[in-house]
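Each chain carries a letter (A, B, C and D) given by its place in the written order, and its residues are counted from 1.
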Amino acid sequence: MSQAALSVEALSKSFGGLHVFKDLTFDLAPGEILGVIGPNGAGKTTLVNVLSNQLTATSGTVRLYGEVVSGRSFPATARLGLVRSFQHTSVFPTATVAENLVRARYFAGRPPQIHTEATELLEVCGLGAVFHRKAVDLPYGLQKTLGLVMSCLAEPKVLMMDEPAAGLERVERIVVDKLVHYASHVLECSIMIVEHDMDLIRRLCPRSIVLEGGKILAQGATPNVLSEPSVISAYLGEALEANDAVH
Amino acid sequence: MKKDMPYSVLQRERQFSGSDRVTLVALLLAAALPLLTSNILVQSVASQALIGFCGALAVHLMLRLGLLNFSVPGFMAVGGYAAAIAAEYGVQDLFALLGIAFSAPVVLAIPIGWIVLRLKGVYFVLVTYLLTEIVQLVIVETPSLTGGTNGLIGFPPTTFFGTELISGPAVYYTCYAAAIVALFVALWSTRSYGDIYDSQAHNETLAQSLGLDTARYKAQAFPVSAGVAGLGGFALVQLLITAHPLSFTAASSVNYIAYVLIGGAASLLGALLGTVVLVTAITQFSWSGEYSLGLFGLLLIFSVLFMRDGVVGVFTKIAHTIRGRNQLAYPATQGDPT
Amino acid sequence: MDTFLLALVIGAMFSAQYALIALGFTLVFGILGVVNFAHGSMYMLGGYVAYWSVSTLGLPYPIAVAIAVLFTGLLGALIEILLVHRIVEDHLSTLILTLGVSLVIVTGVSLIFGHEAPQFTFPIAGSIPLGPAYMPLDRLIVMIVSGVAILAVYLLIFRSAFGRAVRALSIDQSIARTYGMNPRVLFAVTMALSSGLAALAGALVTPILSLSPHAGESVLLTAFVVVILGGLGSIIGATWAAVITGMIQSFAGIYVGGSLGTLLLFVLVIAVLTVRPSGLFGAPARGA
Amino acid sequence: MKKRETTKLFAPILGAILALGGSAVHACEVKVGVVGPFSGGAAQWGVAMKSGAELAAAEFNAAGGIPTDKGDCKIRLVEIDTQYSAQGAAAAANSLANEGVKVVLGPVGSPEVSGIKPVAARHRMLLMVNSYAKDAIGPKWPLAFHVSPGASGWALPIVRKAKERYGMKNVTIIAPNDQGGTDIAPVVAEAYTAEGIKTKEEYFQRGTADFTALVTRVLASKPDAIDLVSSPTVESGTLAKQLRVAGFRGPIGKLGGPGTEEIARIVGGYEALGDYYYFEPIVVDEEALKMRDAYKELTGKDSPEHTFFYLWGAASRLVFQAMKEAQSAQDSEAIAEKLRALDVKDPNIGEGLWIGQSFFGINQELSLPFGMGFVHNGQVEPLIKMPAAVDK
């Protein structure tokens, strides 16, 4: 295999004496879509925060196509092409949808032109109809979608999506598939998806990692991982609960 | 990546907004004030409003970034004293003095900004307040340079192409020059970086996640705000013909903040309207008496609770009502939040 | 050496006072996320209510102090419910709002009681010798009351169901609800507690120093300095910072004099914040 | 057309401003400005000053007014509130200039005076001010007069009397580190030194509420007496209280600034204040009280309690007399000339003179008989009337 898109080596994070995760090592291949799952409190969101350098790692190294990104600032990491999206709705509330999209391009250092596919994507996601409305006035689902679209418009090399489906209605979740498809096929970027929705992980991620208690409990092809007894016992109750929570 | 023809272009909005235009036109028209009336009182109040406007702009510029700035009187003092001291050393030219009054605070604010801008929200508020207190103490402790508690009096008058600016209208135009420079600086700053500032004010994390180096823009906005305040300080010193520590007390920072909040924090026009309304109210129709502070307090409470977008917000609402526009004009969208 | 000891004792007196004043200020910030500019006026109001209770109602001083605490605490709760709560999410607006409230209170007090200082003195005089130094009894009482108040607040926040709910609230409102606590009530109670503490300080300290409508202004500045230094929202931080501030004020005041002590203190605060942007013991507070 | 519209726009504003002056139409009147703090914390000084001016104006108007080339004109006072700020005072001078006023009574505080002087000088206004600043008047301001002597005039006689009584050998002076303190403390210190008393100066940060540390520092050098000079009243009271609590038994002086009663209240009564001596700008005796009755009779109002009323009444009479002799309310230089030459002899306050040459370099300081007060062992003694201070 050629060079990994994202290579994580012995990454640890602790707050005070409390380890959130310890000695995590895994790779993300170019073009790969990786699922990261695990019960609540497994340290998934913290992992995204540390990988994006929003939080500083306690130890370990993260490389993006061979280049060390550990120790850089949060914006500098994004500029290198390692971009994250947020679990909760994250938009510029006082700006219009159009202006939000402009800012995404501009802040990422991208030219103002966007491709046909991107424009189509906006229509498909339902953002085309509300192009000139203020983001804050949009329903929750559309705000969340807008946030995800913005991280795609930054044209990252590696996109980390933190619970992209959380807070979306079941019918709205199809939007995540479209976005992942766009990022993967049009932008040709590698994607890491942190999610509770198992159906979504099964649909989109050929390979998955299971985190539990700050360690990798299992990894491999998604169907295999999900059927491992240890994963089921550690995770199943949580997963059911999570599914209950959304409906 | 596919190299299709671009389907659409997402261009940054960099035009003046309507309210910016109104602000600029209003200030340009204010140049004619001494021609319309020789009433010295009107000129004096207008001069104070122009000075207050500089202070309000300095507050506004940081508020654009979501930061409430209490250091305005401190930097006004730096600008005002720098120009007064320069005048004592023989620099009398208006343009040179404006330059000094602007750049002295800028130079000072660059290293201070490095410290202060790592602070968030409330820490920033409190530390900028302390900055003004520190400037006060430094003035008091350095009588040989600043005249200490007595202030500086008797520095030579400012000149405009060799003409001494000492008549009433000339002093008005000195204040006017400071205000117009301050407005142009503010317009440049908001026009060039308005979207960046707004993004930082409302969702700094998102801006950073996309790759925006927000620290850089903050570090840039703070000295600009300081420079704008310095221009106001220069004008105030020219109006009083004295650089006195009592002109720049930490308590007065509240006034400039009130101008902005009561006028409307979202636009330059808000800063202008708020200043004009409050300066006129305070100096002229002095709701004076022992109640004045309490009334000022009530005004603050009222505007924070019921006039969130200030005077400008009220006008906008009225205008919208008259035009019959309302929220339903937007296309309806499907889906509800969970 | 004698002077040194004296400075230490005086520093301890200052520290106790500052801690008592800063405690309520930091509490409201930690839990409501509100910088309460009216905190100083609550101190002043506490002094005036106690004065009024003694001079007009003829009540004994300890009861007057209790009335001051109750009255001001109630007023604090009302201010929270009627005004602050409407915009509690907006940190800048609440700051301006409380500033307006403080101006109204100061004006109101001047109109009722006049601009001039009334006669209001501590009922207990005398002092106990401490080697070369001496400790005035009134100050000793303030120190004891401050110590008890700090301990009580500490226990309340870290050892009680109320405290757990309040701490949870400072992180997430929905968690607080699972404790069966309504944020509305918690906020109002917190504000009442904070205002009551300020009034307690005012009722105890103004008879030792002096009482005037503007007595709260320097108090507010002190509270700021102490609380930023310690870290906004941190009770432990506020206590330590009060000790540091008190000692600096005492030693600089005795050995240097003039305003250099104040200048030194302000510069120290900024220096500390350069190294630790959230103060000595600061943790990120609700949304700030 | 356009210009007319603009004028229309401004008309209400202008109208309102003019209305503020209360422009009653008189056959002939001359305007005199009265500038001071009429609101806020310092309002009592300003109001007392205004009433003094009202009394003098009413007296002159009753006697025919001021003769000018338009005939005998009544004096009309134009009152403007400074809110005790430099800016307010500068703005006040500007608006008075707009009304063509050339003679101004006030303002009464150092910040206001430093704000008004440059603007007034530009408009060639005659000023009668009160300020403790060491540059309150001077050769640079030929039209500025000082309503009562600064500490340079009265400190020495008071120090002499205090020394006679208490025989102190060393004194510590405590003052705020603002203009009100740094300008007056050295002058008072000089007076003590001149009497052979060792003097130390200590300054405190304005806004200090707790003086324990300062008191400890001051008492370490064991002074015989402590003078609070121009410290603001509340701070003076707190200082005196803390000095007494800390065991200081010597006399406390207050050479500057009024407020003996308030200070005593803060300390906990005269009993607790102990030995205390102070400067009183004016002694309100039976003669002076006639001014109160005259005021009631002429204006129908009660005069304010503050003693500034009597001082400013006397000073205003002098200014109006100078206007009368110069037969003008406009030619400020001529009025100043007459004023300097007037014999200071007030029917109610007593004889005085113009001083200031040795301290300010200009003889434009009105010196009237003043008072000194003692509180001895908690007993308030009657004020001692001192003759008007003379130049050294």
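The rule we apply is simple: a contact is a pair of C-beta atoms (placed from the backbone, for glycine too) under 8 Å apart; a residue touches a chain by one contact, two chains touch by 3 or more.
Quick caveat, the model's predicted, so the values are computed rather than measured.
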item: Chain pair with the greatest number of C-beta contact pairs; value: A-B
item: Most centrally placed chain - per-chain CA mean versus overall CA mean; value: B
item: Chain A and chain C, separation of their C-alpha mean positions in angstrom; value: 45
item: Centre-of-Cα separation between chain C and chain B, whole angstrom; value: 33
item: Centre-of-Cα separation between chain D and chain C, whole angstrom; value: 38
item: Centroid spacing, where centroids are CA-atom means, of chain B and chain D in whole angstrom; value: 37
item: For chain C, residues contacting two or more additional chains; value: 221, 259, 262
item: In chain A, residues with contacts to at least two other chains; value: none
item: Where chain B touches two or more other chains, by residue; value: 140, 290, 293
item: Contacting chain pairs - touch in the sense defined above; value: A-B, B-C, B-D, C-D
item: Residues on chain D engaged by chain C in the complex (per definition of touch); value: 41, 43-44, 177, 202-205, 207-210, 212-214, 216-217, 220, 233-234, 237-238, 241-242, 245, 247, 262, 265-266, 268-269, 272
item: List of chain B residues in touch with chain D within their complex; value: 36-37, 39-45, 48, 140, 148-151, 153-154, 166, 168, 236, 239-242, 244-247, 283-286, 288-290, 292-293
item: Residue ranges of chain C in contact with chain B within the complex; value: 29, 35, 83, 86-87, 91-93, 95-97, 99-104, 106-108, 110-111, 221, 224-225, 228, 232, 259-260, 262-263, 266-267, 269-270, 273-274, 277-279, 288
item: Touching residues (chain side chain C, partner chain D) in the complex; value: 3, 6-7, 10, 13-14, 17, 115-119, 121, 125, 127, 134, 136, 209-212, 214-215, 217-219, 221, 249-250, 252-255, 257-259, 261-262
item: For the chain D and chain B complex, residues of the former touching the latter; value: 3, 6-7, 10, 13-14, 16-17, 20, 38-40, 43, 81, 83, 85-88, 90-91, 94-95, 97-98, 111, 114-115, 117-119, 122, 133-135, 140, 177-179, 181-183
